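So the structure is just underneath, and the comments pick up after that.
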Amino acid sequence: MTDFLNDWGLILITFLPLAGALVMLAVPKESEETQKTIALVASGAAFALGVAFLVNFDYDSAGVLQYVVDREWIPIINSRFILGIDGISLPLLALTVLIVPLVLIYSWNNIPSPGNPKAFLSLILLLETGMIGTFVAQDLILFFVFFEIVLLPMFFMIGVWGGPDRKYASIKFFLYTLFGSALMIVSFLALFFMSAEQTFDMRILQDLGGLDIARTTQILIFGGMFMGFGIKVPIFPFHTWLPDAHTQAPTQGSVILAAVLLKLGTYGFVRIALPFLPEGAQWWAPIIAILAVIGIIYGALACLAQTDMKRLIAFSSVAHMGFVMLAIATLTDFGINAAVFGMVAHGLITGMLFFVAGSMKDRYHTLEISRLGGMLVSAPKLGWILGLCAMASLGLPGLAGFWGEFPAILSAYEPAPMLNEALFRTLMVIAALGTVLAAGYLLWMYQRTSMGTPPEEFADDPEITDVNTAEWISWTPMLLLIVVLGFFPSLIFNMTNPAATAIAAAATGG
Amino acid sequence: MTAQLISLFATETFEVPANIAFSIIAIFMVIAAIRVVTTDNVVHAALWLMVVLGGVGLNFLLLQAEFLAMTQFLIYLGAIIVLFLFGVMLTRAPLGRSDNLDNKQRPIGIVVGLLVLGLVSYAVIKTFGSDKLDFSAYDGSQAVAGNNRTQALSDAIFSQYLIPFEVISVLLLAALIGAIVIARRD
Amino acid sequence: MWFLTHAWIIPALMALSFLLILFFGKLMPKKGSEIGIAAIGIAFILALLTAGSWYTHNNEEVEGHGDAAAMADVQEGCSNEVDHLAAEDHGEETEDVGDHEGEGRSDDGGSDEGTDDHALGQSDSGEYAQSDSGEYAQSDSGEYAAPAATSTAVASEGEEEHLTRPVVRCAAWAEIGTPGSSLITWGTMVDGQSVLMLVVVTLISLMVFIYSSEYVSGDRRYTHYFAFLSLFSASMLFFVLAQSTIQMIVGWELVGVCSFVLIGHWWEEKPNSNAALKAFLTNRVGDIGLLIGVAILYFAAGRSFSILDLNILAANGGISHGILLVASVCLIFAVMSKSGQFILHTWLPDAMAGPTPVSALIHAATMVVAGIYMVARLYPVFFEGLSIAGSSVNFLAIVGAVTAMFGALLAFVQKDIKKVLAYSTISQLGFMVTALGVGAWTAALFHLFTHAMFKATLFLGAGSLSNAAHHSFDMVNDMGGMRKVLPRTFWTFIVATAALAGIFPLSGFWSKDEILAGHGSLFSAGGNGTYHVMLVMLLIGAFCTAAYMTRTIWYAFYGEFRGHGTPHESGSRITVPLIILATLGAVVGVLNLPEKIGPFTFPESISLQFEHFVEPVGAYFPAISHAEFNIPLAIFSLALALSAVLVTYLYYWKGAFKFLHGLSERNRVAGLGKTILVNKYYFDWLYTDVITGFVKGPAARATNWFNQHVLDGIVDGTGKGAVVAGQFVYENIDQKVVDGAVKDTAIATSEAGGVLRHMQTGRIQQYAALFFAAAALLAGVFVVAIG
Amino acid sequence: MLLNQFLLLAAILFSIGVYGVIVRKNGVLVLMSVELMLNAVNINLVAFSTYHGLGGQVFALFVIAVAAAEVGVGLAIVLLIYRNRRSVDIDQLDELKG
């Protein structure tokens, strides 16, 4: 088993979904059941492999890459086909292979208009390959390729299966992120040419740690990456694509977008920007931290002004990713641990919130908060699930959100030695204020949608039913994880800690 | 005969006559080429083209590529020109003079043509300056092919360049079928 | 001992009960309430057994001496400081006693155990470097030596001081950073304080569970109600057993969310859900203080969340005074919100929108004392940070005293019986906070203990009243004359009221008096400072307490019945808990009888049992000075309470005096003759019109107005302002400026495309021309560049 | 003989070919201009082959073959255009206009 995983595991888990998508192309469009089964089997197999990785992973040496695959790829630019996972990649990989099958189960009876499951499901599988690939790639060019693969399916998912404003939203999403990618690839090339080794191998680059790159150059290169990753995160003020994309995307798209796609940006910071360019990171860290905290407060204030539930949840992502970025900007082991935990927690929680919002949209045909109400009466279980997710999202201890938020705040009290302590402590206090606002908007939303009595237009609506089987199957694992991670955070911290310590050491060593 | 010819070409004494021959051929070719693109008679254009192609063949001879020269004469002068003439006939092109063979882009064409010419000339002159022709590369092949360049060429085609050759064959076949399919009257 | 090391079973049991009720409750014959009652019953028995085994443990003779021996029951890895102590102790055993100069000469011979304390006190950095990591020795070895010296000094005073031996068990929760640098643990820290809370929480919970099974029967969310009651108990127990501050945060917020759910139990009505939101959000504001305070302490203690670490370091000067001050002020903000202290108390009266048993359990007896408990738990931080000893004013004491006084004033103007009790709770919590603020640690916890009993009785009694009065809590309009129809409720209410007012010899008297005595040397010796201002404020508070409770009794139980229908006594599941709690509220005062009252001395076996049981002695607790029982003060406060009752009694019951006044007007001689008698009624007039009138009129109304308009207004205004600001930011900055920039870029691109599309003519030859020209130009650039 | 004289001749032929391609309207004439360009290339290939061995000649041969194919297909297309439109004027073919 270990040998098999060593040799083939990562290649299989990356390309199984793609293979599934190809098989689906060969099956005629009409046999929808077969299509769905193939998609589920492919992503299920990836999930099984993910579980095998979780079981076989050597947690004691989570700081070093494991299951490394290293093949020749594009020799002319010295780019190799390198895959590998460590403690930072593994939780995100696991999150991805978990979310996608759940989304597929949710889609079983729930293909958004205008239908065509064949195209829809194969796009999701293509997306999965892109996401997994990004998390396991250990070569910059390979990373970039996977990073960009993700864009296309998401563009089509929003543009074809989205809401009324889908064209605007999808184009905005595509252009905005592509703009960032352009700067990012320039930075990658600069890194290639500037470093002594002339390599894209991330292992070597991490070992080098920007040793041979001048400080000003590092700052410039980091700036390019900051745009590329920062837009994806998104950091204030580059977030405006997010609410539109989320609001217009179909439920499945929103869930994947919130759960995994946003993490590509933060993952990039942790995996690439920080350790490769320590001095650049140190120069940029205060700026990132300030923007992150602005994002926290700003996102929360914006949430308070929203009238559409999905848009509110989207803005809350801005605030939550602000906590993650603040933690990253401290450049400490504590902060990076918190950031990775925050990514996983945010993926689960906001993913769930979007699931629930999607299901509400199916039932109420609107997400206008002022029109909703009394969901605890008409669909009590859905209402309780929304309540649990809202509580988790506002960082309630005992649920997963807390372990992303509190350590993030904590880490800002004592940032890396070369950073300005007073600044970060001020930011810590402001960020803590953000938790109050978070409670405010989430509970405000919850009170207006779920408490009270149902408004007249929905009072006897037969379409408003409680949670159905497919929803239960796809939601239960996420809900369980939200609770379990809340009480056993070491499940994640055990994986991330050695790797995060190594990255923090690299980011502050230069 | 061939051996004599080669030895003749190989000598330094051949330089001057060869240069004179080249000059004459070149002048003819340029004039003919200009006529190809300026004449207002389609059939004449085809005939001027024959002159150019022939000149190219002669140039090949000057460059000691006799097999290519023969090929040039046979295929271009023989086959392709005939094909063109057939094309002219089949499209009922006016056999005499006609006024509207050119469009309104003549100034642009002249500018672009001169631009390309100037650029290439500049690059070529700057790069190769007054490099003499040097047939030593041929000599390397001669050792294998017993002083026979045609044989060497065929050896090269069927050994080192076999795969491109096969691909070209397939291309020709495809072109053949394609031409039939396109031109066939259903 | 088994119970002390396995205390985690108690919260786990309640959590299990929560899950069982949640998933299977609806299938059970009694809709899940039986699971809850059974679970809390077992938990209560376990808590009692734990208390018993703590009593034994606490009285055991200890092998060995000093702090290291006292900490022998602390599991390794739960506290860095204790581990250091143990290592130190162990190291000493193999070290020559005389070798204190750090020469490093080691002797494998016998150790002299008798000098361990001494050695600990005098150990210098050289020795530390030997037994500990270098970092530790560098940071605080010098300061560290001081505290141990304190305990040595105590021990050497002659009588052998009995050190408290907390039982700590923990498990790793998460590890962050390089191995060993920061371990986040969760576990149980069992000592007198947590055992006390275990008993209080399980006892009140048990009573409330039983009471609720009748009180909310027929409710449509009966099952959910019991599920969340169970979850609340679990969270509260989790909180009180907390071994690390981060575990405290978890428990703290979990009880908050249970409070949210239960206040909003009838969320169909908007006011209820508003109240729930207000409670949660106000608490969230205070939580900022908690989060920041914990963060500061975490780093100050060298990356440790362990409560023992924090306490040992704070008590021994291992953390600088400035940091402790900042941390304690932050934490006091958390106390303000959770324990309803001025200025964050406004949520508590509103929280009465929840079911009455919930108010009794959460908003009177247990959750709201979490703040008190937290301060008591981390007492060295506050004691050192606020310099409680030897001063006459500090932030904690001011907050408590102001709350105690103004909270009590507010209770006068309430018509709703539950709101009276709510303000009363605020005021009493203020007493506890003040007690902690002036250094009367045991008094605070003792008052917490007694208050839980009688205040729960009062709330449950109010519930019983409203059961009779058609679910109304309006005592002015819907009650009256209830003493005849609800005798059991009436008598328990009277007893609890007397206890609350501090009437001798009920429990409230003892606990309140201990607090008052703790304020320092106004009448006698003892105490930690001279907190005279606070003492006066508390006395005013105590006076008002007695008065408003008497008023409440008048409205609820006397006069004519003003409601409609026929009121009836509640069933036994309501009255039995009432009787049990009232009895306890009456008698638990004897648990902490003073050593001597004037000439009379209580035997040691019955005096100060509570203090001995609860208050820690040792390195993890500051050396506080205990006040003695203060006879003049006790008599004064008792007189004050009785006079308050009297004044109120005269005002309400004796309104008939007015016709006598009229009589004297008709008869001038009689009137003149009565003048001297009337003098007696000058007091009456003074009390009734001036003092009581002023207190219950303008002062209370002004306070109420201030409360409702200014304080509440700020909260509301902040919320509204945030929405307006959000709207403004969203509309003007986000949509126009930030998003506008993006849109303009797109428009510019589109315009450029509109211009460029004319180039696409479809004519191949133009393309060819363009292509060649462009290629030539580009190649030209290339050539020139290379050339 | 200089290398450059061949290269310059080729350059002149090529430029003339470019001119023809841009200016000529008749499809057949455009194809002829293309032939001019191809032959210019051939001269280059052969001239350079004196330096680098026979590869240049081989490719010149291939170019001849490809040119034959191209002319065949090209004329067929022109024929088809003629059949559909009764004209071989290329500048009337602007269906690709955007």
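As written, the chains take the letters A, B, C and D, and residue 1 is the first residue of each chain.
Quick note on the criterion: a contact is a pair of C-beta atoms (placed from the backbone, for glycine too) under 8 Å apart; a residue touches a chain by one contact, two chains touch by 3 or more.
These numbers were taken from a predicted model, which means no experiment stands behind them.
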Original post:
Pick the pair with more C-beta contacts: B-D or A-C?
Top reply: B-D
**OP:** Report the most central chain, judged by the distance from each chain's C-alpha mean to the global C-alpha mean.
**Re:** A
Original post:
Can you give the whole-Å distance between the Cα centres of chain A and chain B?
Top reply: 62
Original post:
Whole-Å distance, chain B centre to chain D centre, using C-alpha means?
Top reply: 10
Original post:
Using CA atom averages as chain centres, what separation in Å is found between chain A and chain C?
Top reply: 38
**OP:** Provide the C-alpha centroid distance between chain B and chain C, rounded to the nearest whole angstrom.
**Re:** 99
Subject >> Two or more partner chains touched - positions in chain C >> reply: 765, 769, 772
Original post:
Can you list the residues of chain A that touch 2 or more other chains?
Top reply: none
**OP:** Name the residues of chain D that each touch 2 or more other chains.
**Re:** 18, 22-23, 90-91
Original post:
Every pair of chains that touch: which are they?
Top reply: A-C, B-C, B-D, C-D
**OP:** Give every residue of chain B touching chain D within the complex, in rising order.
**Re:** 15, 18-19, 22, 26, 29-30, 33-34, 36-37, 42, 45-46, 49, 52-53, 56, 59-60, 62-65, 67-68, 71-72, 75-76, 79-80, 83-84, 86-88, 90-93, 100-103, 105-106, 108-110, 112-114, 116-117, 120-121, 124-125, 128-135, 137-138, 140-141, 149, 152-153, 156-157, 160-161, 164-165, 168, 171-172, 174-176, 178-180, 182-183, 185
Subject >> Partner chain C, residues of chain D touching it in the complex >> reply: 18, 21-23, 30, 90-91, 93-98
Subject >> Partner chain B, residues of chain D touching it in the complex >> reply: 1-9, 11-20, 22-29, 31-33, 35-36, 39, 42-43, 46-47, 49-55, 57-58, 60-62, 64-73, 75-80, 82-83, 88-91
**OP:** State the interface residues of chain C toward chain D in the complex, per the touch definition above.
**Re:** 757, 760-765, 768-769, 772
Subject >> Touching residues on chain C, where the partner in the complex is chain B >> reply: 765-766, 769, 772-773, 776-777, 779-780, 783, 787
